[in-house]
Structures are given as C-alpha cells and as structure tokens.
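Here it is: the structure, laid out below.
Which chain is which? They are A, B, C and D, in the order written, and residues in each are numbered from 1.
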C-alpha cells in the first residue's frame, strides 16, 4: 500500500514554474509542459517563446476572441503580451539553436541517467515519425527540463540507465520533474531534490531504472 | 593618329542602361557603374539594390534633404522609391549570394577571356586589402557586367588572357563595356558586339590582351 | 510598369509542372495558402514533392492535395497530428514517401537554399535516427550534422498585404515559413488578403521584399 | 519587472573586458553606435578584437577607438576608405592586425554564430586570396569555401526605438548589421534614439526581438 499521493500534472507544473526566474526566455513543449504557463508568477516578466514565430505568449484568449493566425506550437489559440513580437521560422530557430532560449520544458518517453532524452518516436511498426522542434530544443536551449510521469502506464520506469527508444538529443536534460520527484541530472548522477510527501527514497528508487542519489 | 573618340563614362553608362530590362533587380558597383542609374528609362520599373540593405534606390536627394541613414554602398546619399524596402545585411546578401539579383555591374582592374575578374586588390606592398561586397556579387548575381576603361592609364590592356592581379571571382563576367567596345564573354571566346565609331577591329585587338572574335 | 499581381489562383499555378518541388507555407492552418492549394489540386500536376511543416489537417488544403494523389513525397517536420488521417492512411499504405526533418533544420535548409550556401553544419539531430547516414563533424567540441539546402521550384505562401512589386507583410503567427520559403524557391506565388497601392507599405515594415516574390494573387480587396 | 534600459553608455560598456571580441554595427557612419564607442574609448579596455564592416572614418567613432590603442585586431570587409587614415597608418606601421572578410561572408558568419551553426559552405571568395588555406568542397558542381561563425562577446549597435524588454526598430539603411550582430553576441548593447513604453512598438514591426538584446541606452527621449 502506498503512503503517498503522486503530484497531479498541475502540481508538477507548479514546481517547474517555481524554478523559472524573472527575465528568462522559456519554451514550453507540447503536452504537460504547456500547463506550466498557468502557474508563472504574474508579477514577473517571463518570456514564453513558441517555435512558430511568437515571443511573449500570453494566456488563452477569451471565448469568441480566438484568432486562427495566433496559435502556439501545439496549435492552440493564444494571445500576445504587450512587448511581444512575431518573426519567421528562420529567426525563431535562430533563437532556439543559437542558444538564446534559457530554458525549455519538454515532455518525454524516457530520460537516461546521462541526460539523453527520447520524446519523439516510439518506433513501433505502425508509428509515424514526427519530430517538430523537439530535436532543436533539446540541443539548443541553455537548460532542458523534462516534465513527465515517473513510470509509464504499464508501470515501467521512464528514467533509465540507457534509452530503449530512439533518442531525441544527447546529454541535454538538466532536471526531471515527475509525479513522484524532482531530480537533477548531474555529473555525479541523478540527484533527488524533492519527493512527493510520504514516499521513501527506496520506493522512488524501485520505480526508477537508474541509480538515484539521495541529497 | 586615331580616327575615333572613346566613349565617355556617361556614354558607356548609356550602353549598359540600354541592356537592362524592365523588372530586373540590379546592383551597381562603386565607381563608374554608379553612373548607370542616371540613364535608366524612367518609364520602366527597374530595381536598384544596395548591399547595405536597400532595394528600390531612387535618385540623389535634393540639396538639404540628405539623410545620414539613407546611403548606398558607396556611402553616397540616396533616396528610396515608393515600393522600396529596407532590410538587414543578412537578408541583403541572401539576395546577392542566393542568386536573386539579376544583374550586377562592376568596375574592374582586369578581366580575363574566361570571365575571371580582378577588381578588389592591386596587391602592391603599400596597398591595404578591402573587398566589400565584390566577391559576393561576382559569384552571386545571375549576370555580371563589367564597366571599365579598355586600357589602363599607362596603356596596358585590361582585358587579358589570364589575370595578373588577385582574382575576385572565377568565370563570372558575362559582358564587358569599355570606352572602346562592348564585348561578350562566351564559351567561344570574347565576342565583340559593338565598337566606338571609327575604330577598326585590328586597332581594338591591338589594345586588348586576349584574342577577340569579330561578330 | 511591372505588375506581379495575377488575376486568379488558377493562372498563378498554371506553370507548375509534374515532378516539381513545391514549398508550401503554413504551420497547421495558420499561414497555409488554402486557395492556392485548391487551385493546385484543380491544376492536377502529378508526382510532386511537397515541403511543408505538416502533412495536412482534416479534409482541407494540403490534406486534399495528398488525397488527390498529386504528391509523391512529402518533406516535413511533423506529419502526425490528431487530424492528419489522410496522410496517415497514404503513408501506412505505402502510397507516399516521407522525409522527416527537424523543424529547425527545415528552416535552416530553406534559408541555406535562399542564401546560396552549399551546405551547413547544424547540431540538431546529431546522434539520432534522423541523422543516420549523414556526414558529421565535431567543431570546437560540439557535434554537428551536415545538411544540404532544400530548394523549391515553386513556393506557395499566404501573406497579409501585398503590392504590385511583390512586397509582402504577414499577419501574426501566420508569418511562420512564408518569408524563408519565398527566398528558397525559383518562383514564389503569394496569396494575400489585400493588394495595396505601391508605397502603401512602409519600407520599414515590409517583411518580404518583392525580389523574392513572382506572383501575387488577391483573395480580398484591392485598394 | 524587467527593465533592460541602462542609465548611461558608461554603465552599459562597464563590463567589457580586455581581450574581448566586440561586434560594432554600422556601415560607414550609418548605424554606427558613436556614443557607445565613445564610452568604450573612455572605458579603455585593451587588446580588443573589433568586428565591423569598416575600419573607421575620419576622427570619429571607430577610428578614435583605434587611435586610442584599444584594438589588437579588426575583422572587416572594407577597411580602406577615403578617410580611413587612422586605420591606414596603424596598419602600415604594423600596429593592428587585419582580417578582411567578404561583406556577405561577414554577414553569413555572424548569422551562423547567431543561429548555432558550426560552419557553412559559401561560394564567395572561392579561388581567391581570401580563401587561401581554407577548406573547400564542390557540391552539385559549385565550389564552396568552409567558413566558421564569428561570435562576439559583446555587440554595440545603434537602433531607432527600443523598449524595456529590448525590442528594437531601426531607421532606414542604418539597420545594416545591427539585427544580425545582436544575434551573434553574448551581450548586446543597443543605443536608441528613443525609449518607448512597452507595447508601443507594433509586434509586426519589431525587427530585433528583445531576446537578442541585453541593454538599451537612450540617447534621446523616453516616452
């Protein structure tokens, strides 16, 4: 029997949001990471970038105010803050590849203990490969955070010694936020920074496919 | 005794201008080529490009209307036509190197019979090398015309079998306009298209360092 | 007087030949030149290679072009979407070739084409399936993949305002691939919401100078 | 509240260290950040590498920086001008290093730096003195030279309007190298004629988004 309740996606998003500092240029990946936007402090200037040529993304538009020309990389309707800007895809990936984005938060299928990430392709026969901007973000952002469930739906660890799935980028993940813990990828190994209340380190280790280090 | 009067720079510029068609995007090099602008037909839309981020250059400004922020590659004051645009150096050389400029007209120290051009550096001990956009224009423009005196100040031919001076670009000149003749650089050799009145082909050949072909 | 404004989308696409490589702007539906694609379907050129970020949505635009059987190959970053069922079926049936390119490499390869570079070393995709068989090089300790330009015979893009010299502005995030595709193709066709008089576009605000645009088709008002 | 507006040019350049590589905007005098250069002369950092299109004019701006003995090396496309006598004398006296780069390769190498490319193959300068010793490659029958990025520790540029997030617009042909130098440096300092309120710059008209700009110094009005 578990003595803990995993963090909800909103709770994980809050942990991520807390670690984002004023003045940072941040790209939030499709899926769970999108939620982070809702928990950023309103009194701080934090700049959200979207691959499709938007810097300074604001919140969702009010109903009836959606504009088909103003969407994010996940093709959701967005708004633009005062001080935001539009630019073309070349310039947008200059920002990403050129190391101008301070932080990107990506979803992932797997993360390896050396920071390798797999998040673009499961590689099963019926799967259609689709990468979008994931590989550019993985190599280009100054820091890469991953936000994902700690284990897969069938209970398999998603943090592993070496990837089983096709890689997105080598040694690029700096920190992992899951529903069970926040873990830093360091030169010494996977350093546990925070755990869900009631969870023991041994329980966390049992759900993880690579060696963890207790802080 | 000569039976001919060499064309003036203005007359050469007129010959060049006559060969420029409506709708062409044209870059006029520093020096003699700048003069071509004054002889373009006013009823045709011809687009003058300047390396420093201007498309649609207009004539010189009226006295007192000069603007230090509106200059051409020769650092002369210019104006902008309605329909002109400004852009940065990256985009400007996308136009040039990417093959979007239909024609550039360059001055030259020497042109070889295979279309090699030397126009950036005399290479003498006291000379300071300075290239500007010359090498980009030479390789990037769809067509390269050269406008120059037929012989140097001391009478040496400037059209030669092989260059004596440091090269700017290989096999890129398509046509040469001098004060004595208009000459096409073709796979067959240097084809004389036009000569100054009173000049014989033999006289022209005598002033030229490579074999000419009479059309 | 030079006038790049073409009367109809049908006329604009009339020279597109079988086997052409066509760059098609848009990210999802934003910036997708739907009317030009409709005209291309009608025109019925075959064996096309399409370069676009996505592989079509629902039963509109690019998806219909695929459905019409005009496309041999698609080069894109993100074919799989919740409503990309037309592409999905063709792909699984082996009826269309797919080259997946990271979005930033797609942009960079279009920019390389537009700016006359022969090839570029990009760090993106190093060590991944998408770099398999590609040349690599380590420069200053970073690993790069050698990528070649993607050149279009034609580009179909959607802009906001245009003039008779082909100058264009865009609207919000519909700008996306339009400006770089315009530079990367031999013949760029832009559909615009409005054709304005020469000089009506501020020279400081023109995003695509007319040099990159060969035809402008008006979907709305001419002012 | 993030505010990139710095009070003075002196403060803006105060972190520039000896030996730094500094990208300086401008083409001739248009777009040259004269006041920032004045502050840099006053700051008196030494052993600098300067990247700029020209090597200074007359007794102003960049020319004075050279005269002050702050510059070890200059990377530019066109040092020799009718009034570049300060550079000319230093060069002939062997007191300054010069790397001449074709103007388009200068732009392309700055863009490569800004966009994270490891190297590029450009056709410019193939077969010339300026490609001597450089790696070459023939791709699809065209000869290219391998060129590496030019990265700046700092960029000093001149823009027209700016806001507290660092968004910039430029004025006419003074735009020139500003936007690409901003992308290519670790720390970009822009002098502007006017600082405007956030939101006053139309998001469609911003040429350099604030992500590329770290400090804005106002030379005129704050509105």
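Just so it is clear, a residue touches a chain if its C-beta (ideal position, glycine included) is under 8 Å from a C-beta of that chain, and two chains touch if they have at least 3 such contacts.
A quick note: this is a predicted structure, and the numbers were derived from the prediction, not measured.
Taking B-C and A-C together, the chain pair joined by more C-beta contacts is A-C. Remark: chain A and chain B have CA centroids separated by 55 Å (rounded to whole angstrom). Taking each chain's centre as the average of its CA atoms, chain B and chain C sit 35 Å apart.
Taking each chain's centre as the average of its CA atoms, chain C and chain D sit 32 Å apart.
Taking each chain's centre as the mean of its C-alpha atoms, chain A lies 29 Å from chain C. Residue positions of chain A touching 2 or more other chains: 80, 86-87, 90, 93, 96-97, 139-140.
Annotation for chain C: residues touching 2 or more other chains are 108, 111, 115-117, 122-123, 170-172, 203-204. Contacting chain pairs in the structure are A-C, A-D, B-C, B-D, C-D. Residue ranges on chain C touching chain B, taken from their complex, read 1-2, 111, 113-117, 163-165, 167, 183, 198-199, 201, 203-204, 206, 209-212. Against chain D, in their complex, chain C makes its touches with residues 108, 112, 115-123, 137, 139-140, 142, 144, 148, 169-172, 202-205. On the side of chain A, the complex with chain D involves touching residues 22-23, 25, 43-45, 47, 49, 55-56, 80, 82-87, 90-91, 93-101, 139-140. Against chain C, in their complex, chain A makes its touches with residues 50-54, 67-71, 73, 75, 80, 86-90, 92-93, 96-97, 121, 126, 128-136, 139-140, 166-170. By the touch criterion stated above, chain C contacts chain A in their complex at residues 27-31, 53, 77-81, 87-88, 91-92, 98, 100-108, 110-111, 122-130, 143, 170-180, 207.
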